[in-house]
Amino acid sequence: MHGLFAALTLEDFIARTISSLTKIPADSDTLLLTAFLAAAFTHAGLLLGLFGGLPVFYIWLERKVAGRIQDRLGPTRVGGGFGWLQTIADGIKLIQKEDLVPKEADALVFRMAPYLATIASFAAFMVLPISDGWIAVAAECGAFLILALMSLEVLGIILAGYSSGSKWALFGAMREAAQMVSYEIPMAICALIPLMIAGSLNFQVIGRMQSGGFWNWFILHDPFTFLAFFCYFTTATASVKRAPFDLAEAESELVAGFHTEYSGFRWSIFFLAEYSSMFAVSAVAAILFLGGWHDGLGIDSVLDSMFRGTGTGIIEGFSLGSYVANVFGAVVLITKACLLVFVQIWVRWTLPRLRIDQVMTTCLKYLVPISCFLFLAAVLWPLTLVTMFSRPVIAGPALGERALSHQTTTSIDASERLGAAR
Amino acid sequence: MIEQLLFYTFAILTCGGAVAVVATQNVVRMAFWLVVSLGSVAALFFLLHADFLGAAQLLIYVGGTVVLLVFGVMLTASGPYTTIKTSPAEGIIGGAVGLMLLMVLVSSIGSVDWGAISGRLPASPESPFTADSIREAHAEESLVNAGSTKAKTDLAAVQQQGRTVRQLGLSFLGLRPDRNLKEGGANGLAPGYFLPFEIVSVHLLVVLIGAAYLARAKRRAVSEDRVSLD
Amino acid sequence: MGEVGLNAYLMVGAVLFVCGVVCMATKRNGIGVLMGVELVLNGANVNFVAFSRYTSLGLDGQTVALFVIVLAAAEAAVALAIALNFYNNHLTIDVDRGNELQG
Amino acid sequence: MPETGDILMFLLTVAWLLPLAGFVVEIYWLCFSHRLNKGAAYCAVACIGIGFLCSLSALLYWGNDTHWAALSEPDHHGHAASHDTGHGDAAHGAGGHDHDAHAGDADQHSHDQASEHADAPAKKYYSGTYYELARFGGLRVSLDWYIDSLTLVMFTMVTFIATCIHIFAIGYMHDELTEEYEDHEVHLHNGGHFSRPGRFHRFFAYLSLFSFSMLGIVLSGNIFQVFIFWELVGLSSYLLIGFYIERKSASTAANKAFIMNRVGDFGFLIGMMILWTSFGTFQFGDRTEGAHTEAGLFTMVRGHDGKLDVSEDGKQVYLQDAHGHRAEKNGQPLTISYMLLVAAGLGVFAGSIGKSAQFPLQTWLPDAMEGPTPVSALVHSATMVAAGVYLAARFYPVFTPEVLLGIAYIGCITLFIAATIALVVTDIKRVLAYSTISQLGYMMLAIGVAGWGAALFHLVTHAFFKSLMFLCSGSVIAGCHHVQDMSRMGGLRHKMKITAYTMLVGVIAIAGLAIPGTSIGLSGFYSKDAIVASALAYSELNPGHILLFIAPLVTAGITSFYMFRLWFLTFAGTPRDAHVYENCHENPSVMTTPLLVLAVLAAGCAWGGEGGPLYRLIVDSETVPAAARVASVGAAKVILPSHQGHESDVHHVHSTAGMLALVSAIIGMTLAYLLYVKKTIDPNQIRQQFSGVYDFLVDKWRFDSLYDAMFVAPVHIISAWCVSFDKGVLDPILHSAANLTVLTSKWDRAFDETFVDGLVNLVGTVTYNVGNSLKVIQTGRLRQYVMWIAVGVIVLFGALFTTIPK
């Protein structure tokens, strides 16, 4: 058993609490199961709260940004001058709508498809760290897993399009399939570049390697990671079918694309999935290229040292300093991701939609070769540096040294905590 | 307990999905059930401490199934939801043979004492699976460097925890840090899978080219006739 | 509910395998046959990973399972190309129509 | 200062190789010029002309170097000559008595002389090696040079005559200067004539090649090299005779010449092989390599004193080394069987027979008149046929008296036969051709009767006047538009004055006429005089061979007759064919100038006779001293007469012989005048009265029929016999074998078809039926196969579970 049930601290805490209250031995299976379930549900609730709330915010943001770009105000009525309750109001309205299934539709698949898409995009948050150590599943192959999980979303969309029994929906689904299968390749290769530099698939490790100043961020590691970031962001935009790659919806041609026949709650769920996917890819971009939860100015370490040692007595194994630093880190990461999402929204309302052949051409003829070249160049970069300057980086300590120092400190830290917990 | 619960959940999903694939006649529904079944297999892989394998299963089979879906839709698109039905007799015969095959397999599985067989295998570092070991391994949420001189128990714990990416990668490079043939010997590592890995790489390239060649656009005989009539 | 052991996983693998075989044997749709192949391969993979977990073979099972996945992907690519050709020649995907080799 | 030999070698080599360069240039003439250009001819003339200048300067240089010692009286020059004189006196004394009785004495005497004068005499020749081609064991194949006065005279003569003929040919071949040459002799099926591009440049290329080859023979230093150029001469004559290759007669004549020559060359090869096995060298002259001197052929046979060193029993000949001693090898003296030496001599002479058209290989030369007339002049009168005589003369030291006797008789027969045929021939060129054969017979006869100098003297004079006459005839032919028949000519001297009178000079020269009572005549007089004198001396010493004197004497008259007949028929009298007469004209100066030059030389080249410079120069290079009277020890008991000096055998009979020959010639001339000018006797009457003889002569003594009967007919008969043997014996055997095979094959086929095929077919049928019955299982349905696999697995497992206990 492992990181799938990763709410260890909370689970441990609950187990100990129950054990101390009911005098049941701490290693009893029933107790452990109860504690695990309680912790899991707690975490799930928190995650849903957070990641359910974010799409709501994004939908509002999109409306406001679109309004500003189109020289109008956007929502203004619900919730004061900024209309910040508009999304909630819409949601309530949509839930009230009748759940229509067309006569020609394949009812079972038609009903299941939105869930499949939403589950896939929300499952990605499982392995996404929000701050140092704040991760649901600390999987060793987290980066790989998140790519796999996000690619599941397209399945739901294709099924939805096919089962609608409508040619608009079918066209949208087919476009989406072609687009997704193509864009996954350059996206994975671009993601591989920072992964290769870090030498790990673990988001935790990758994030820690970029601690310190912003010059440690992987986007500034070498010229090719810098380019790879933009390449990745383009392909990521396409993989979440945002404009100008939103061929699956294409209102001007296909009515509403794959969700033409959907209404009410199932329709809104598609939007939740889309916006949470946007956040997921943006967060991944932030972690892989933009330093993750590190602000790049050293504020988190200042916070950590400021509150270090405080509050150790309240809960066993609890450190206020690292907790505050983690909270700050979570804010930083979400801010970065939101900025990237804002860029996606901005692009959507400023660029016209491409044709499907242009989309495929962009991917197969340009992005794939470019990403392959960047990957190759990023591999050769440290070798070139070693040959010319006898060191793998231009300035500062080598990545391996950084990783090693982190490993030792964190392992000491962990063993201390473990010792304290015992 | 938890593991059992999860196992049975996903086992039922797997088997049910597979049976549904057999039972369904509609290609798209078959694909849907296939996704359910294969996704559950991925979950079973996670349960079997094979994280990387599970992720790979998700990525590759989902991608593969998407393509299957597209093809299924394209090639049966002569009418809405057309199905190529299997005759009931065939279904019955197939079911009967399948049941017999299942009985054969199940009886075979049941008649083998795996523990004895496992004992005859070469010894490898293995520690009993306990909650403590999980807890230890999880607490040590650190980068595990397979090349470092960790204790055997650490390796075992890593394997228990499912963090097998590094070891798989090393075994593809020809190194097997999990199987020391000689204690403490630097050169006593068991041989890895370097050559098969290379062969598979080349094989994939060949398949890529071959599939592209086979599926290249060809003018159909019908359309040619039409052109000639014009 | 007893302890989950090797046999339980092998049973799952067996069911997958049998379903795959029956799928291959009964589906007239070529795509369905391919799905049967996938099921068979997954049944084998489950067995491999289970042996890797429950015996002292270590990583070998996982490695082999990875190879199987990769080869399955390759097989699917070629098989789909063949299916496309089949469709081009017969204007259907019904494998029963491809009986030119009948004796 | 280079040595004399090197300078001579350089000059002659230039003269020799220039025609080769000319040949290369002219054969590729069309690559850089066109057919209508006369440049090829100028090129050829320039080459051969410069060659003549080189040869002449070489001759002059040689003369200056030796202070013209050769021209002085033999009594006053050199040690050997003075000794010869003394010896000649002794021989003369003996000659007065019974010759046979004193033969042994003379032989003994010569031995004494050889031992007395073992020290080397003054060297009379220069020799060396250009280039060694190969060395096979002891056999050296090399390009050598050998220069003595004879070489120089031949070079000068050949290049001079060739120059004249080249110039003449420019005019004669003028009608080839065209893009479209119509050959009136070649009739096509459609009644028209064959036409082709002109071959002016090619003609001159061949002429140059011929000159090169001929000079190569003369300059050669070993017999193998002679053979090489011998064959090259044959090749170029083949090309030139067959110049009008489209004419059937021309190509046949070329083939005939070539094949006849091969017969002679066969003997030549045998002789060469004998020489090689016996002597181990091909070299003529001695050869110095550092301190070691290797003896050449002549030294080996004759030593330094020109005597054969014959063993006591007369069966062996001892070979000499370069120092005049008997050659030894491993203590054993080197010897050669006497008969083998005779055979070698006869073999080499066989080559000469072929090349010089001697009996019995004489028939090719008249036919060779098919070539253009300059070719006849150059190739078939002056030089090529002279090559045979030259070879015989060059090899004179190797010939034993027996061989010389054979040569003499061959020459005798030839000269008489050819002269008689020439009496009746009316083709102007053929008269000259038979005349040539006859004169070559004179030369051979002279060599055979030890008149070495006389033979070569006649060779040179004959070259001049015969080339003159051929060119004159060519001029006539060209002037009369290719009419060659004398019976259609007549009175042409009015129209072609230069040709007529230069021709008259040639006729007088060949007839040997002189002013009676004095010894003043044209060149032919002196040379023929010398030959007849030699023959008379020989026949006096050997009375059994009196025929050798009578035949040339009679033939001298015949020669005179037919030559004047030719001149009278052609130039004198009245025109017999008005058409020919009307159209004929004198030729341009490019053709007549050579005639005039040659006429001067034909008249005066032998000035002084045997005391004159030409004869002296030639005799200077005689390797065997001709002063002594030599008796043979072999099968033929002959005594060779002495020549040199006032006391020699020849000198004694000289005036007698000259008188007889002159009388004979005058009789011949008078007869011709009576018959063809005065018409006192009608030639037709004689022809009818002696019709048998006439026909015999017209048929050329029926030699062609004889050869047909001797060689062609037997071959035909043997071939017919072979055919009948083939058809009667071999074919039935083969046919029966074939029938047997067919029968066996039929049986075999039956066996195959019934038994073997049946077996195979049975297997095939069974397999086919089994497959046919099994094909039902092959349904082609994919799903069924899968099902069968599953069923198979179940059955297998079931069998395992039931059979293997747990």
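For reference, chains read A, B, C and D in written order, and residue numbers begin at 1 within each chain.
Throughout what follows, a contact is a pair of C-beta atoms (placed from the backbone, for glycine too) under 8 Å apart; a residue touches a chain by one contact, two chains touch by 3 or more.
Just so it is clear, the structure is predicted and the values come from calculations on it, not from any experiment.
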| item | value |
| --- | --- |
| Most contacted chain pair (by C-beta pair count) | B-C |
| Approximate Å spacing (C-alpha centroids) for the pair chain B, chain D | 103 |
| Averaged-CA centre spacing for the pair chain D and chain C, given as whole angstrom | 100 |
| Chain centre separation (chain A, chain C; CA means) in Å | 33 |
| Length of the line joining the C-alpha centres of chain B and chain C, rounded to whole Å | 10 |
| Residue list for chain A, restricted to those that touch at least two other chains | none |
| Residue numbers of chain B (touch at least two other chains) | 3, 31, 49, 52, 56, 65, 67, 90, 94, 97-98, 101, 164 |
| Residues of chain C touching at least two other chains | 21, 25-28 |
| Chain-level touch network, classified as line, ring, star, complete or other | other |
| Interface residues, chain D side, partner chain C - complex | 774-783, 786-787, 789-790 |
| Of all residues in chain B, those that touch chain A in their complex | 1-3, 26, 28-29, 31-32, 35, 39, 46, 49, 51-52, 54-56, 58-59, 62-63, 65-67, 69-70, 73, 80-81, 131, 134-145, 160-166 |
| Chain C - residues contacting chain B, complex | 1-4, 6-12, 14-23, 25-32, 34-36, 38-39, 42, 45-46, 49-50, 52-59, 62-63, 65-67, 69-74, 76-78, 80-85, 87-88, 92-94 |
| Partner chain D, residues of chain B touching it in the complex | 90, 93-94, 97-98, 100-101, 104, 107-108, 111 |
| Chain B residues touching chain C - in the complex, by the definition given at the top | 3-5, 7-8, 11, 14-15, 18-19, 21-22, 27, 30-31, 34, 37-38, 41, 44-45, 48-50, 52-53, 56-57, 60-61, 64-65, 67-68, 71-72, 75-76, 83-86, 90-91, 94-95, 97-99, 101-102, 105-106, 109-110, 114, 117-118, 121-124, 126, 159, 164, 167-168, 171-172, 176, 178-179, 193, 196, 200, 203-204, 207-208, 210-215, 218, 220 |
